[in-house]
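Here come two complexes built around chain A, the first alongside chain B, the second alongside chain C.
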Partner chain A sequence: MTPLAWAGDAGAGALRAALPLALAGLVAAAYAARTRDARLLSSARWCALVAFALVVIADLAMVAALVTHDFSLRYVADNNARETPLFYSAISLWAALEGSILLWAAILSGATAYVAWRGTRAMPRLATTALAVCFAMLAFFLALVVTAADPFTRLAQSEIPDNGRGPNALLQNHPLMALHPPLLYLGYVLAAVPFAYAMASLILGEAGDRWLVATRRFALVSWALLGVGIVAGAWWSYAVLGWGGYWAWDPVENAAIMPWLTATAYLHSVMVEEKRRLLRMWNVSLVIATFALTILGTFLTRSGVVNSVHAFTQSAIGPLFLAYLTAILVFGIGLLLWRARSLTDAGTIGAPLSREAIFLFQNVLFVAATLTVLLGTLYPLIAEALTGAQLSIGAPYFDRVEVPLVLALLFLMGIGPQLPWHGASRATLERQLTVPLVCAALGAFVALLAGLDGVAPVLTIALASFVTATIGQEVARGVRARRALHGEQTATAFANLFLRNGRRYGGYVVHLGIVLVAIAVAVSQAKTVEAERTLSPGGSLVAAGYTITLDTIRDVNEPQRSLTVADLTITGNGASERSRPALVRYPNTLQAIGSPGIAAGMRDDIYTILVAYDGRAQTWATVRVRVIPLVSWLWVGGGVVGLGAIISALPPAKRRARRELAVPVPAGADRWPA
Partner chain B sequence: MSAARASVLGGRRVLAICALAVAVIVGFVAVQGLQGATVYYLTPTEALSRPVTPGATVRLGGQVLTGTLRYTPGTRDLRFTIGDGVTQVRVVGAGAPPGLLREGAGAVVEGTFATDGTFHATQVLAKHDEVYQAPSPGATPQHRSSP
Partner chain C sequence: MTRTRVALLLAVIAIACALALAARAPAPTNEARADRLAEELRCPVCQGLSVRDSPSETARQMRELAAQRVAEGRNDDQIRDEFRASYGDWVLLAPPLLAWSGLVWVVPFALVVLGFVLAGGLLRRRQVSEAAPTAAQLATLRERVANDPGVYE
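Up next, the complex of A and B:
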């Protein structure tokens, strides 16, 4: 008997109580939106809050069951063992399907509660309608966790094992596992809020852009979490999987990047709608696409369909997610077509050299990138379904198609903010672009001097210099303007740019982060040096000026695993480091997992892999070394993107004061003003 | 205002043509890329009956036959034979084998056929039959012997 044996029952009970609450909330919110009845809205609010509390209790119950190793629960028996360290036991909440959906439900119920309590205060009718949509989505996920993906399923008394199988070995090998999945899930789930508001706006037939203003911050935060989550995933892949890369165009990765691409397009086209009242239908389409892609991604990665279309029906999750995805698309596109007339634009985009036209091009390229990734991901499934032939689409396809698109987008990222709305004159172009173009040429020159070859890497450096110069120019002008207008010191003026106009200058910080990522990817892909050799202790190999010496090969035993470690010394190029690549064996897997040794640096990462070794006498080991330049800047770039998003999302001082003026629903009234 | 309008460069038609051009170019590159990057997944028998042209990248799945797996650490020369019960194919590998590659167990090799019928693998993946749960979003294929 485990100390918290009742936790499983508590969790199961909480989920079963939350489902009817979500359904009740759905009905209450829908009627409240129709009748403007404040009491109904109040009931819906309490439904949301209590459902949130119940789902959080269920999540905590699962964590409690995991850390107390309650193997009478199937999920715990499958994903935990007595030897699993406390930290990895706790984060095993998202080690497999059922727990992940439980986490998903918790985030979604939190977002629903937020819309219920905060959203409905500013825009009662729109937010209440959106709340009904949120409740509908929550009801789907709660229905999943009480039926097909029930994490609290008990094993029969005779089936309860003495010890569980332990988490998937790859998932207990690195602390980044604590960060990467929750970030992605947060990004995925928060994309539901803009979708709910967009649907609400269509249901109500609102002509304005209120839904967009209300959810701007949600969209930004969801996008940023998704982006940082993707970079964290790349980092995890780099640090754990031991193949020396960080991105493989795997369906699982593609599933995460597609909604990020459409969300990026949306964050930019929103500005066109705000400033020029254009692209309305397009923006709603992007919100629907982003949300649908988060569900498609989950369907692809969770149903097993990626391995083979025939694996589709092996679990009930696949068909359920497909039905959910179909419902979203039918509902979303149906509403969009029904209300198409009210979504007319207040004009047209005229000049191709205007900011709105650059945004439009940028959107076209982002959608093209999304569709081509989607094509490469789904093509094997379609081919197998139609012809029965099993095939895969390799990285060359994605590299060939996506690299030119990324280069074009980098160019637009530099030029867009430099062009005024409505159109640019020749004089404007000269004033804005002379310095950046000179910097681009310098960048290309430096890249060639540094020995970078190939069109794409050199072009990447040139465009990165171009974008950086435009940002520098903008910030310098902003500082000068503040000094002249407000008489501020340079440092104060610089800080105030970000504090007072965070949306714009935070955006520039995001662009800088993307520039870092682009440089890191281009240089690390182009200039990685690889060497592999079988060494005896004392032997060494040389790669890119570094000497890697094998000192010893030894076995290490830990409670939950055993390792064979190669102790390496790295010298040369001013470095003096130790590295310990290992092969790790967990009791629940036959496979030995390569755990790379990474000596990270600002300039080069020295990535070492123990490929094979002599198991008996330990007289030799085959060691592979990859010297990967600038790859650390990829993670830094991800952090800078996150920082920029925070700056953009923080409300400026002025807006904070204005929000206090929003009319709340009067406490005693049973009708609220329209 | 009218002076500013007059000096604004281009017009709507240019915009439409540019967008269309982007769509056509991307579509063309995508279809080309798809044809170039398609790797068929075959059994040894299918590979022989098709026949696969030497030099074309394919993926073969089969069982590593008992008594055929040889790895010479000094030269990092890897040789084994995979079969599907009917047909056998000799595989010459690149570098050390992945940890799980075992005789009698499944393997997937990616590479090309030489004219003499041997298969030159650029990638060797060990396949294992244990119950496997899909990793979370962001994970990549395992057991790569080279990226």
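Up next, the complex of A and C:
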């Protein structure tokens, strides 16, 4: 018996109690929204809070079962072993399907409780209707975890192993596993809240944009977590998979990037609705698309329809997710069409040289980029289903098709903020673009001098300089204006721009992060130098001016795994580093897994892989080296995007007052009887 | 022509020159050609990765074969066809343009064109519906600007 043997039963019980609560909450919230009965709303609130507590208890129970190695639970037996270190035991909560859905349910129940307790205060009727939608989604996930994906299934007494199989080798190889999946799940799940509010607004037939104001921050936070989660995933892939890349256009990576792309489009087009009351139907469509794409991502990952490094488990859950996805699309699109008439725009955008027009073009490009990824991901499936032909669509396709779209988007990213709402004259535009275009030209020549070739990489650097210059110009103008208006010192004025108008200037910080990512991707893709050689100890190879010397080959035994490590010394270009690529063997995996040695730097990463070695006498090892320039800036860029999102999401009290001014609630439209 | 215009024009010309220089690629070395071919082939063992990126033994053999064929003086299409003949269409990571699967190459650009046509519609209908702001609206806006000194936009 394990010390916390009761944890599994407690978790199972908590989930079984939470499901009826979610259903009761659904009914209570739906009736409360209809009848405006405060007592019903109160019941719904308590249902949400208790359900949240119960699901958190279930999650903690699973963690307890994992760290105490309770192999009588199937999930623990399949994903944990006595030797698994405590840290990896705990994060094995999301090492496989059932645990991931359990985590998902916890986040969704948290969001539901937030809507129930905070959301309903500001806009009772809208939020209560949204709450009913949240409860419906929560009920689906809870139904999953008590039926098809029950994480607390017990094994029969005779089946209980002495030791479990341990987590998938790739998942216990790097601490980033603690970060990447939960960030993505948070991003995925929080996208449900704007969806719920949009649906509520359609159900109630509200003519205004209150749903959008209420969920603006949710949309931003969800988008930011998804984005940072994707970068963390790229980093994990870079640090663990051992091929020296960070993005493979793998179906599941595609599934994660698609909702991020539509969410990015939404974050921008939403401003057009706020300022001009336009694109209303379009914005609801983007919210539906974003949420549906998060579910599609889960379906693709978990159903086994696509081959992927992420398809760690396959299960019967695929059809259920497909049904859920269908239900969301039917419900969402049905409501949208039903209410289409109340969503028609009062006017049109007008001037093509206006900020709203740039947002519109940007939306076209983002949606085209999304649909292209979707097409490329699903096309092999469709082709095989229709004709039986097997074909592949991978990086060479996506690179060629997506890069032009991204370059066009970078260009718009520079122009958009320069243009005022309602349009600018050509003279204004010319004046504003002179300095940035000169910077772009300088950037292009610097890129050429630095040895870049090919149109796309050089154009990327030119556009990156262009965008950076426009941002610099905007910030400088803001600082000058604050100095003139308020007599502030330059430093104070600079800080106040971000503190007082975080949404706008935080957005620029996000743009800078994207610029960093673009530069890192362009340069690392274009200028990676590769070399491979079989070395005896003492031998060396040269790549891009670095000399990599093999010192020793040695075996290392750890409780949960054994490694063969190549000790390398890297010199040259002012570097003097050690690197230890290894081949790692886990008892539950047949093939040894390459664990790269990465000497990271601001300029170059020296990425070393132990390809093969002489197992008997350890007299030789084959080492592959990739010198990857500027790749570190990709992770930095991800961090800067996150920082910008934080600046944007944290408005001071002053702005809150302003927002209420912007969207007045008609008297009596959303009042609750006392 | 104003000074601004001259500067703009010069900058655009300079960018065009830089891009022309960047595009003037030297003839690729055999090694670079083999690498590019390896990037376009899918590793049959590890599924997700290209032959260039895959650490598997099969991928190494395919890399060597590609390098050998390049050295023998075959052109890229011949080498691709050889791999296609042995592994099927599946081995190409980018579907060939001149087959019915070439549709995937056309769709993205068709989407962009369609999108811009639709967006263009939104831009043109403007003149009819947009009326000049009334005096009352202007007054409200002025007041809002006056009461909102903390924000510069």
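Quick note on the criterion: the second predicted complex is superposed on the first by the 647 of 674 C-alpha atoms of A that agree within 3 Å, B and C clash if a C-alpha of one lies under 4 Å from a C-alpha of the other, contacts with A are read in each partner's own complex, and residues count from 1 in each chain.
Here is the rule we go by: a residue touches a chain if its C-beta (ideal position, glycine included) is under 8 Å from a C-beta of that chain, and two chains touch if they have at least 3 such contacts.
The shown structure was predicted, so the numbers you read here are calculated from the model rather than taken from an experiment.
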| item | value |
| --- | --- |
| Partners on chain A (chain B, chain C) - clash or fit | clash |
| Which of chain B and chain C A:256 touches, first, second, both or neither | first |
| Touching partner for A:360 - first (chain B), second (chain C), both, neither | both |
| Contacts of A:297 with chain B and chain C, given as first, second, both or neither | first |
| Partner chain in contact with A:537 - chain B first, chain C second, else both or neither | neither |
| Partner chain(s) touched by A:444 [first = chain B, second = chain C, both, neither] | second |
| Touching partner for A:639 - first (chain B), second (chain C), both, neither | neither |
| Partner chain in contact with A:352 - chain B first, chain C second, else both or neither | both |
| Which superposed partner A:472 touches (first chain B, second chain C, both, neither) | neither |
| Touched partner set for A:485, first chain B, second chain C, both or neither | second |
| Region of chain B that runs into chain C when the structures are aligned on their shared chain, from 9-17, 63-71 or 81-89 | 9-17 |
| Shared chain A contacts, counted only where both chain B and chain C touch the same residue | 243-245, 248, 250, 348-352, 357, 360-361, 364-365, 368, 372, 375-376, 379, 389-397, 400-401, 405, 594, 611, 624 |
| Contact set on chain A toward chain C in their complex | 242-245, 248, 250, 307-309, 346-352, 357, 360-361, 364-365, 367-368, 371-372, 375-376, 379, 383, 389-397, 400-401, 405, 430-431, 433-434, 437-438, 440-441, 444-445, 447-448, 452-455, 457-459, 462, 478, 481-482, 485-486, 497, 500-501, 504, 530, 594, 609, 611, 624, 654, 658, 661 |
| Contact set on chain A toward chain B in their complex | 78-79, 94-97, 100, 168, 170-171, 177, 180-181, 184, 229-230, 232-234, 236-237, 241, 243-245, 247-248, 250, 252-253, 255-256, 297, 301-302, 304, 348-354, 357, 360-361, 364-365, 368, 372, 375-376, 379, 389-398, 400-401, 404-405, 422-427, 429, 532-534, 583, 589-594, 611-612, 614, 620, 622, 624 |
| Of chain C, residues touching chain A in the complex | 4-5, 7-8, 10-12, 14-15, 18-19, 21-23, 25, 35, 39-40, 42, 47-50, 53-55, 88-95, 101, 104-105, 107-108, 111-112, 115-116, 118-119, 122-127, 129-130, 144, 148-153 |
| Complex contact set, residues of chain B against chain A | 4-5, 7-12, 14-15, 18-19, 22-23, 26, 29-30, 32-34, 36-42, 57, 59, 71, 73-74, 76, 95-97, 99-100, 126, 128, 130, 132-147 |
